[in-house]
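As written, the chains take the letters A, B, C, D, E and F, and residue 1 is the first residue of each chain.
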Amino acid sequence: MRVNRIKQCWQEKKTAINAWLTIPSSWTAELLAHQGYDSLTIDMQHGLIDYTTALSMLQAISTTETVPLVRVPWNEPGILMRILDAGAYGIICPMINNQAEAEAYVAACRYAPLGMRSYGPSRVVLYAGNDYLIHANDTVLLLAMIETREALENVDEIVSTEGLDGIYLGPADLSLSLGLKKIGDYQEPIMQEAIDRILESLRRQRKFGAAHATNPQDAVMLAERGFNMVTPAHDTALLEAGAKQALIQTRQWLSL
Amino acid sequence: MRVNRIKQCWQEKKTAINAWLTIPSSWTAELLAHQGYDSLTIDMQHGLIDYTTALSMLQAISTTETVPLVRVPWNEPGILMRILDAGAYGIICPMINNQAEAEAYVAACRYAPLGMRSYGPSRVVLYAGNDYLIHANDTVLLLAMIETREALENVDEIVSTEGLDGIYLGPADLSLSLGLKKIGDYQEPIMQEAIDRILESLRRQRKFGAAHATNPQDAVMLAERGFNMVTPAHDTALLEAGAKQALIQTRQWLSL
Amino acid sequence: MRVNRIKQCWQEKKTAINAWLTIPSSWTAELLAHQGYDSLTIDMQHGLIDYTTALSMLQAISTTETVPLVRVPWNEPGILMRILDAGAYGIICPMINNQAEAEAYVAACRYAPLGMRSYGPSRVVLYAGNDYLIHANDTVLLLAMIETREALENVDEIVSTEGLDGIYLGPADLSLSLGLKKIGDYQEPIMQEAIDRILESLRRQRKFGAAHATNPQDAVMLAERGFNMVTPAHDTALLEAGAKQALIQTRQWLSL
Amino acid sequence: MRVNRIKQCWQEKKTAINAWLTIPSSWTAELLAHQGYDSLTIDMQHGLIDYTTALSMLQAISTTETVPLVRVPWNEPGILMRILDAGAYGIICPMINNQAEAEAYVAACRYAPLGMRSYGPSRVVLYAGNDYLIHANDTVLLLAMIETREALENVDEIVSTEGLDGIYLGPADLSLSLGLKKIGDYQEPIMQEAIDRILESLRRQRKFGAAHATNPQDAVMLAERGFNMVTPAHDTALLEAGAKQALIQTRQWLSL
Amino acid sequence: MRVNRIKQCWQEKKTAINAWLTIPSSWTAELLAHQGYDSLTIDMQHGLIDYTTALSMLQAISTTETVPLVRVPWNEPGILMRILDAGAYGIICPMINNQAEAEAYVAACRYAPLGMRSYGPSRVVLYAGNDYLIHANDTVLLLAMIETREALENVDEIVSTEGLDGIYLGPADLSLSLGLKKIGDYQEPIMQEAIDRILESLRRQRKFGAAHATNPQDAVMLAERGFNMVTPAHDTALLEAGAKQALIQTRQWLSL
Amino acid sequence: MRVNRIKQCWQEKKTAINAWLTIPSSWTAELLAHQGYDSLTIDMQHGLIDYTTALSMLQAISTTETVPLVRVPWNEPGILMRILDAGAYGIICPMINNQAEAEAYVAACRYAPLGMRSYGPSRVVLYAGNDYLIHANDTVLLLAMIETREALENVDEIVSTEGLDGIYLGPADLSLSLGLKKIGDYQEPIMQEAIDRILESLRRQRKFGAAHATNPQDAVMLAERGFNMVTPAHDTALLEAGAKQALIQTRQWLSL
């Protein structure tokens, strides 16, 4: 079976650098897959991407060695199983608030006896190899999003879930849930405490941590704090910023 | 009928700033339509965009006041008429090398008696208004691409074509056709001469000039030389540059 | 943030007139958006419309001032959150039978502290404005469908749900659930009683009522009874009736 | 091979009643196929329909006995051959202005020795039967649109083209080309003369005539004048009229 | 209402032969619908098929008399109701492990008073006829998949569910759940016992049994054991085997 | 630039084995790309595949080392240039009947000074590498189809066209054009003569020959005759044959 390069990366104590895909297009997915990120995450929750588009994006990413991850729209067995069959080599599941939710998530993604994932790995067998069934439970990466006050309080139980590889920190929802003014601002002391608490739980239980950033500065700060994967890039945000900047610059220089 | 803001812009002696769309997605089209460019050009030639996708992008751009233009894949009456019916408020037609080609292009885009465009303006009536038939010949913008040695030699005849509003300078193909080493480099003296020749012809015949740039520096240079519309932004290029930059920056800072 | 014209309409004591979209097409959505209805509802339950098509229809409706509403396929957090991010300015949720279901529905659609909606308003920010997070809970319209005997019995509790703006009466399912012979017939005394009961509950709790009609006669009757929004038009039904009528008329006249 | 019911209809001296499809949707195509029209014409010229959508509409129409026709976007061999392979049982080709154009059109649609159509009838074999190659030249209906002054002058030569079954009168373009004020108005004396001239040519050469109408009144007039097929219905127009009418009626009654 | 030919087949004591569709394409669906199978099952669980594609496949199958069945992705009311409205004449629901799950499944698929299916049978009315509401509960086929140890233990309760027509045996997941080495191998004694147990329960309660096979040998064995429907064909597997075989044969003969 | 493995194969005097794709699906394209064929040809002429689908299939094939070829719908510059930009590493152009047509074809596919291909290699740069412009004229494979009597008579002139790599023999159309009873039957003496004539011309001018077969027997015969590439497999035909065979076998064994 094809190795999961993110897991390999972590075994080698390296920080994985991930980019976030929200544009529903196999073309932009293929374009970003060629930039050298360790992984790309197709965002089916807040991105504008449905199953059929996600499938085409998984194919596009598979033209390179970049690892295809998917953030699912919700902790629901149907979509979890289907996106794994379609070739996701890792899942980021939103809004895991307690151990019961974490266990339901993992059960849907692991074959028996660890879980209850239904067998029929259509496309992923082409990507992974014919021994997929044997190695899938060990190879596929499962991260639970910690992004509410409740999740933070239950972080130890969530992290301890058997079959779960680690967590993905969602700063926007976490700050909203914690009642903070600034959305997703890691500078807030309460956010820094949350980071401490999560990292401490991960280290104690030898699990992995990933965190959302949207810019290189935050990504580097998070990596230096100890997260194993950071996301400094978001396709829509990059395109918007670039287009805005080109227009402003042209207008400015023209008016000189 | 809805005014063509590009034509209006030119009557007010202002330079129009255009962005180039090659990503086949109504989402990125809508995103860029909100950035404030005067027009967006859907590139059906070198972009990855077919009729059905272009239609969805025309709808997305119509959520704003940005003028929707289309570069057609080729000078072929079928696609010219269909994309006008779909709501393009201007056309950029590639590889117009002589007056016969310019006349065929214009004929396909203008209603009788000026041309032979077939009547049936399905979607564009919603966008433009019910008096579309009366004003379309005056309102829809038609630009011919000058991008070969042959076109440069015939520039006066091309520009003189009745019903043609002006030209769009394609530097990449022009430099290739002229046998230059650097593709699309406006600094080349031969390119500068080509610009002179084109602008001189346009001024003499009171027609309009637009030019491709892909970055603000070139765009400003072209505007200052006298072009009425410049294109400093290209969606795929912006996204690629942004993603590359975010990765490089993150990697650099991490390795410090 | 862009005002919700349906809510505005209700503050001005006007009846909103809504049309129903079941054809999976951004073209027919755009066509109907230009007819002057106050709102259009994209029906993802009984219409033939999935997320990706709904997204394209939301874009098409946004070319006009008509308010885009969505009837979701089911009371499920994943689709509720995604369709709000995609630009729905109001939701009609089917089969809300008791207060627990109403609360779950509202929680998925309101940001903390009112609910648990996840933050990431991708497309809706373009439509609504950058202050979306601040005003969304007040601006987005949430209607619960009352369409079973159980719902009717629990109408007071459902209507009282905090964060819910009102209800949408579904006559077909209600009549089926009540065991009536004629499906969706408002003339049935039991249906009239149901209307009384619902309106009474809404008035007492100062919430809003909307009702499905499919023809102008019923729509006017419902408006006169006191509903704040009525739906006299259904795209598939209109097209079918028109096509049938044109054929019958042609055949009849030909055979004279 | 499956009989072409339109040709059969004509052999039985009956007038065929056709409806026009411009909405890019297999759902509306299937809906209209169930209304009882003799044929449906998928309009790839002024409709918003590309090849892939047309294919899905041909499948949808094939759920009934209604004959699927296609108006192609232009007289171009590539699309003519592909849409025949996809299952069109008849073609309406726009803007045939002289015999050379008519001959090129027919050549692209007929197998050798009559023409040069390339062999590879992928989907149409499922629809027509395995003996398609033997009978296709006789079964597939080919109509040339007469819709310009030039075409009118050359009507005899066009009609005489071997392998062409008849013509389809396009009143909008014809009136535009003839310089008439009202577009597509059959009441204009010049239009009536055009009808006479076309019908006279068809009768003399024993070919068939079809004519566009968009409403039952004109359709019946045209049938009574002698056309073998008339088109009283247009999907977008019917939907728009129905939606407008429902809104006006509701508003009127509400304001009483 | 159109008869359900699978139910008819069973009343006539015949074994129905079903093929499995996992390729997301209306073209391959139409192709297989012409081969003469009694039914085709669109697999929305392990196939690569989403709602919109399934809809187009249901249309394609409706060009023939082959009965369209759907395996849904999960036991979730939203998708169950929508796919029935889209024209599925039978459902195969995965992972029904106990009576509560079976009852929830049936409730979502049957109209009141038997269940709680919401009324609005958009496309299926075209396929089935206008009396759909009256006959749907009797005509639509509902099968529950027995594919876990738990389901096997609860088989009697599951089979006894009112409104459920029978079960569909899923050998791959069942063998996985039972801890067997070989996946989906009917030769395993434990699998043969499972078959006995299921068939015995079905006979006692006069319900129907269907079973997955993927090849003719197993299909015939299962039919001879007493299953009423067997699935000897799987589109992706057939295409893969055929392509592999053609390559191997060509290579072999070339190297002779 | 990525090497063209078909050209490499020919330099090593090996026969390339190609499969034919007519199913409009990136899934079946990816599946076949994993079977080990040297190349896959996406058939945009008789296949049911349009530009947008072809693009997704090119992406899917690029997940492997299999070389992606495209048969274009017609010898038209617009589609030739666009499909090369999309990533086709070779083109098969139908119905090249004389040298003028061959030259027009080659001109559209080669950059200046050899041809007039417009520059803008969007996706193919990701696939091929950043030096695409320098090597494309040498790397991209161009084959002209010989499939009419006229083409056979002009075979020497066609083969001699500068920039053309060789020909692709289309037996079905050739036999039809030659007036043979059996379509595409290589056993016909006239077909054998045609093969001789084509191979003789290719050898004399040191160009390459490819030939269509649809089954391994013919493919091997053609390879042994001297063709450098043969096509023993056709996706739709394989699927149809497999499905038919599975049904026949099941029915037969059941009735024993």
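Here, a contact is a pair of C-beta atoms (placed from the backbone, for glycine too) under 8 Å apart; a residue touches a chain by one contact, two chains touch by 3 or more.
Keep in mind it's a predicted model, so treat the numbers as computed, not measured.
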{"item": "Those chains which touch chain F and also touch chain C", "value": "A, B, D, E"}
{"item": "Pair sharing more residue contacts (C-beta pairs) when D-E is set against E-F", "value": "E-F"}
{"item": "Per Cα centroids, the chain farthest from chain F", "value": "C"}
{"item": "For chain B paired with chain D, centre-to-centre distance based on mean C-alpha positions, whole Å", "value": "34"}
{"item": "Mean-CA-position distance for chain C and chain B (Å)", "value": "41"}
{"item": "Junction residues of chain C, two or more chains touched", "value": "24, 27, 31, 48, 50, 52, 55, 76, 79, 123, 236"}
{"item": "Chains that touch, pairwise", "value": "A-B, A-C, A-E, A-F, B-C, B-D, B-F, C-D, C-E, D-E, D-F, E-F"}
{"item": "Chain C residues within the chain E interface of the complex", "value": "22, 24, 45-48, 50, 52-53, 73-74, 76, 79, 94-95, 147-148, 172-173, 176-177, 179, 183, 236"}
{"item": "Residue ranges of chain C in contact with chain D within the complex", "value": "15, 17, 19, 23-25, 27-28, 31-32, 35-37, 48, 215-217, 219-220, 223-224, 230, 232-233, 235-236, 238-244, 246-247, 249-251, 253-254"}
{"item": "Complex contact set, residues of chain E against chain D", "value": "26-27, 30-31, 34, 55-56, 59-60, 62-63, 123, 126-127"}
{"item": "Touching residues on chain F, where the partner in the complex is chain B", "value": "50-52, 55, 76-79, 81-82, 85-86, 111-113, 116, 118-123, 133"}
